[in-house]
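Please see the structure below; I have some questions.
Letters A, B, C and D name the chains as they come in the text, with residue numbers starting at 1 for each one.
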Amino acid sequence: MHVSLHHYLFVSFMLFSLGLLGVIMRRNLLVIYMSLELMLNAANLALVSFSRFNNKLDGQVLVFFIITVAAAEVAVGLALIVALFRKRQSAHVEDLTSMKL
Amino acid sequence: MSILTYIAGWPLLAALALVVVPRNYRVIIRAIAVLATLISAVLAVKMFAQFVPGANGFQFEQQIPWVESLGISYHVGVDGLNVGLILMGAIVAFAAALCSWEIQTREKEFYILLLLMTGGILGAFASLDLFFFYFLHELALVPTFIMIGVWGRGEKKNYATFQITLYLSIGALIALIGLIALYLQSGANTFDIPKIIEHAKTNPLSLNAQNFIFPLLLFGFGILVSLWPFHSWAPLGYGVAPSPTAMLHAGVLKKFGLYGLIRIALPLLPQATQSWAHVIAWLCVGNILYVGWVAMRQKDLNLLIGNSSVAHMGFIFLGIASLNLIGVTGAVLIMVAHGFLAALTFALSGYIYKQTGTLQISELGGLCRKLPFIGTALLMAAMAGCGLPGFANFVGEATVFFGSWKAFPTVTVIALWGALVIGGIYMTRAIRNILHGPLPEKWNSLVDASNVWRKLPYALLIVSLLVFGFIPKLLTEKINPDAQKIVALATGNLVSATAPGASPLNFVAQNK
Amino acid sequence: MEAINNLISGGVVQDIMFYVFAALTLLCAILVVANPFSRSPVTSAMFLVLTIISMSGLFLLLHAFFLAAVQILVYAGAVMVLFLFVIMLLDLKEEQRRKIKFFGLAAGLVSVSIVAGIFIKSLASIKLTAEPALEGETYVLGKLLFTQYTLPFEIISILLLVAMVGVILLSKKKLE
Amino acid sequence: MKYENLPWLILFLPLLSVAVITLFTLRSKTVSSLISIGAVVTGFVMTLLFINANGFQFSGETSANWLSIGGLQIDFGLKLDALSMMMLLVVTGVGGAIHIYSFGYMHDDESMARFFAFLSLFTFSMLGIVLANNFLMMFIFWELVGVSSYLLIGFWFEKPSAGDAAKKAFVTNRLGDFGFLFGILMVWGLLGSLSFSALQTTLAANPALLGASATLAGLLIFCGAMGKSAQFPLHVWLPDAMEGPTPVSALIHAATMVAAGVYMLCRTLFLFNSESLHLISYIGGFTALLAALMAVQQNDIKRIIAYSTLSQLGYMVMTVGLNGPTPAMFHLTTHAFFKALLFLSAGSVIVGMHHEQDIWQMGNLRKKMPITFLTFTIGTLALCGVPPFSGFYSKDAILTQALAQKSYLLFGVGVFVAALTTFYTFRLFFIVFFGKEKSKAASHAHESPLVMTLPLIALAVFSFAGGFIGITNNYGSQFVNHHEALSMAQQFTEPFNNLFPMACGLGAVAVGLFLAYSLYNNAAADPLPTKLGGLATLMKNKFYFDEFYEATFIRAHDFLAAVADWLDRWILEGAIIGAIRGGTDLSGRALRLAQTGNLQTYAFLFVLGVALLLYFVLGK
């Protein structure tokens, strides 16, 4: 079977699902963050493959931007995590809840 | 630039200026606020004097297009209906700024909010564009909530703030829905009120649309004006509000809903107005009689004044419901007169509270001895409140009675009873218990308003009441021609308002 | 040599390479999220690097050469270094194996099934228009970036600057 | 009309004096009082000038538009005819005397300036009623008179009883005003005008215009008079109004304001049909009788005179009802003189007694206060109707009118009331001025200063001669059934033309005088309670009207107020606002459950939200 758009999209979907699962189920903030990166990459993959199979480069431009934003986001997010860790001495999601039911 | 822009603009500008004044320069903060409102008031008097009665169309008009695709523009102008209201609003705002000396905490914020409120109200009254009309009203309404919440007094402060905020927001929201529906249904594709009215002359709104929009406007505005049975926010809110806020809100801002009904609902929704007139008239009974009784029971001066102010709204509604020239003119007259009166009474109760620390009527007594000036002013206010000739309120009430007599004789008689007898009872009772009788020992240290600045706000308001009470022509000859136009539009093309299928539900069904 | 070239351009090798890279990507991704042997974030990070590298292989297959390079440079280089740096800085111990919460599991499965639903739904509506025929993309991409997409490009650079300032502020010891 | 501006000046001078006093001279007692006195005395002189220039038989109007809204045209207009000019004379004349008297009476009061400001306000309003040429103007001044009366009754506001009395007077008057304005609206609705002359012309041209509501309209208008002139059942406020300073009682609650009702009835007589007049006459007669009975058992010197005022007002109203405006106005005028005289003399007594008002504390004052004794005697004789004092002529005119209308019952009531009047007046007279001193204050009493006695003397002259100087003539020209002009000598002997009513009147006086003399000459305590038993208690307690109203009208309103307040508090505020408040509160609590603070829950919800959005965007 010839590799087509659907194959790439399936991989992208799988990546995305894995990322989502990580975000929802893992408890370590850093791992959650990595899962987020996975999801972003899934989106990137989808965009690039669309770009390829549609003969348009705009998708790739978008991915370029996404990567840049992701870099900025990672920097800020990690700084926040560090700050949070300093305050709470934990990177565990469940330890960060401060609201009361 | 129209003089109206200046009247509403100065307070807003001053509010901006206050932001940069450091908070410990109290005198400067006060001075800026008083000066800005004074300029507004002087300009308003000038505008009132220059107003030509019966001239065609609006005067001092100014229009700057804003969002042209929606037909929104900054459009101000006055005719007989709002010229008196703007004058009243500016004078009351000046008096309120003068009375604000009693605020001692976070003065800067208070004055900023006060000026915002002033600019908002005056702008809303001057505005001839639905969008700005509503927006500027909200600009004035929101500071009210904050002022009551932060500078309010008494134990029920939070409860009352919560209540008034929720209630008035709901009212404003209902009115907003009505206004938007009106905009969409009019088909004129503009927010400009004169243009919509002009457009409606040739393309009147369908009966169904009218019957859908009118209740929204009536009850939305009705909540804002404390129409029975949506009135209970008013006494509560005024009971805890700092007096400058109560003055501006009860005196000026509250008239917005009534003005909106006359300016928008009557000319644009004539058939619906006619079919709802009976309902309004009978709701007035609730305002006048029922709230009058409630007022008789009050043990707190501010609650009493608040209830009596709600009762007065009944007369205005009655005038509007009568849908004839005399009634509508009378309604506008009372709107102006009651503005001065409500401001006066709240200013006085504020002074008494400042001096005694209580407004419980049973705690007070014999104050006339220690506070001759304030006492006299309160007496005059009470008398104006129960419709004594010589004060502007009497002219308005009498006119409304004459107007409504032909339309609703029964309601008129009930209103007469409320005005003359019930009003007389609770006002004289209050006077008896607050001013008359022996002076309790603990009040021996009270100080009367002694210097000119302290006396000025009260004197100004009383003089305004007296001037319009003695020479009502000043107002009526201005109101008359424009009230005539409104009434002609509201009663003109008489299609049977009870045509089949004229229910709101049908309207919704057809529009789906 | 000719034969190999033909093989490559003929697509069979490309197909094989796709399967290899895809499998590698997914496998590493699984190991990032749920590593049965180690709970340490470091392991996760290392596998994430692998994921990204294999993904850039996929990018190559899609003729997105520039992006493939950027992917490796920015992600596998800068971003992952940052991750590792933070992990080391925080000195995180291996995560205890807490019980998987039933709610978490359920929520995860529901989410995934929802995403799957959307995916299947949208797959149906995809229509391929043309055969891939773009060549020499890097040049075109650069041109596109600096003509049509100049404004977003500039905005993105400002964003980076803001992020930089923000990070410096955030990582100051005393946060007020 | 010559001197057309004069009436305006007469009207507005007192208002000007109010303004000047309140704004500038509140600190100076003397200046304030002089301004006030000046205003009313100038008014009196101007009235004389005006009458001199135009004559009494003149009739004219001058007006300016005050309010004009579509079909509602209200003029600020003055109507000048014999009726109003004569009343002008009474108000400014008697008022002037009382103003001057007050200068002495109030001299020690620190709020004298305020007193004179109020007094001027009252004069202004009263002149307004007299001069008004339309219903609304009259109503405006009607209300203003009410409020100045309120202010003056409550002048000594620190006394709780004064405050209560003021409140009572105001509210009771308001009840009457309610009917008055109701009636005005009705008349306006039916006839389309408010001006007296226009109404009269319209009604004369088409008497059926009022139609079925003629009686109702008449009675409603009469309600106004009922409140102001304290007719049954709204009579309860007048005796309490004696809490005010004595000059106030003389000016407002005897000579002028309470007479306004009668004046108004005469002014608008053309509106009333025979049924309403009939009822009015009976109400008047009943009031006269009731008040006379109450007066018999009162012990406060001012209250006795107040009840006598009530009774005399009843007389006047009865006479108007008997279609006799001329005798009514005649009696109004003479009554103004002698009742003001009686009150002022009583005031003089009270000052002499150092503010003691109980007659059983007085006695033998004729020696201590000779001038007051003399003027009081003249007032008493005039009130009782002893010839040739003024009261004799006016009372005789009333009795003659009753007989001429063949209303024998009312004639009988009139005669009986005349006897009662003589009885209670002389009871007061004997107890206060004869017998022994009944307290220390009485033995130390002293005559009042000249500024008080001079007005007394002036009023005494008019009380004596008011009957035959031609007052009837002047009023008579106003009405259809007017008398021919009579010379003074003819006036003097006028009652002898109808011997029977005169004889009845004189007989009643004789009987009353005899009874009073036999019971009260040298009496140290009241012998009546033992003789009359329960009836005396009833009289003393004013037939329990106050208690009755307290139990009905006041209670009813308080009850309704309580119900309304309860509804407001629990239903409107509690339920409706509570529902809004509670609803917001509840939804807030519900939504709070979603805010767990757990990052992953949020993420999950986020996914759900995105899914929902996509569902809508991508199509169902």
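We adopt the following convention: a contact is a pair of C-beta atoms (placed from the backbone, for glycine too) under 8 Å apart; a residue touches a chain by one contact, two chains touch by 3 or more.
Every value quoted in this text rests on a predicted model; they were computed, and no experiment measured them.
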| note | Contact partition of the other chains, chain D left out, is A, C | B
| Whose C-alpha centre lies nearest the centre of all protein C-alpha atoms? | B
| task | Would you mind telling me which chain pair, B-D or A-D, is linked by more contacting C-beta pairs? | result | B-D
| Just curious, how far off is chain D from chain B if you go by their C-alpha centres, in Å? | 37
| Using the average of all C-alpha atoms in each chain as its centre, how far is it in Å between chain A and chain B? | 57
| query | Rounded to the nearest whole Å, what is the centre-to-centre distance of chain A and chain D, using the mean of the C-alpha atoms as each centre? | reply | 92
| remark: In whole angstrom, the CA-centroid distance of chain B from chain C equals 63
| What residues in chain D touch two or more of the other chains? | 600, 604, 607
| query | Residues of chain B touching 2+ other chains? | reply | none
| query | Touching two or more other chains, which residues of chain A qualify? | reply | 20, 24-25
| said: On the basis of the stated criterion, which chains touch which? Give every pair. | reply: A-C, A-D, B-D, C-D
| query | Once bound in the complex, which stretches of chain A touch chain C? | reply | 1-9, 11, 13-22, 24-28, 30-31, 33-35, 37-38, 41, 44-45, 48-49, 51-55, 57-58, 60-61, 63-65, 67-76, 78-83, 85, 91
| request: Could you pull out which chain C residues touch chain D in their complex? | output: 104, 107, 110-111, 114-115, 117-118, 121-122, 125
| remark: In their shared complex, chain D is touched by residues of chain B numbered 162-163, 166-167, 170, 229-233, 236, 290-291, 293-294, 296-298, 324-326, 329-330, 366, 368-369, 383, 386-390, 394-395, 398-399, 401-403, 405-406, 409, 412-413, 416-417, 420-422, 424-425, 428-429, 431-432, 435-439, 472-473, 476-477, 480, 484
| chain A to chain D touching residues, read off their complex | 20, 23-25, 32, 93-94, 96-99, 101
| Given the complex with chain C, which residues does chain D contribute to the contact? | 600-601, 604, 607-608, 611, 614, 618
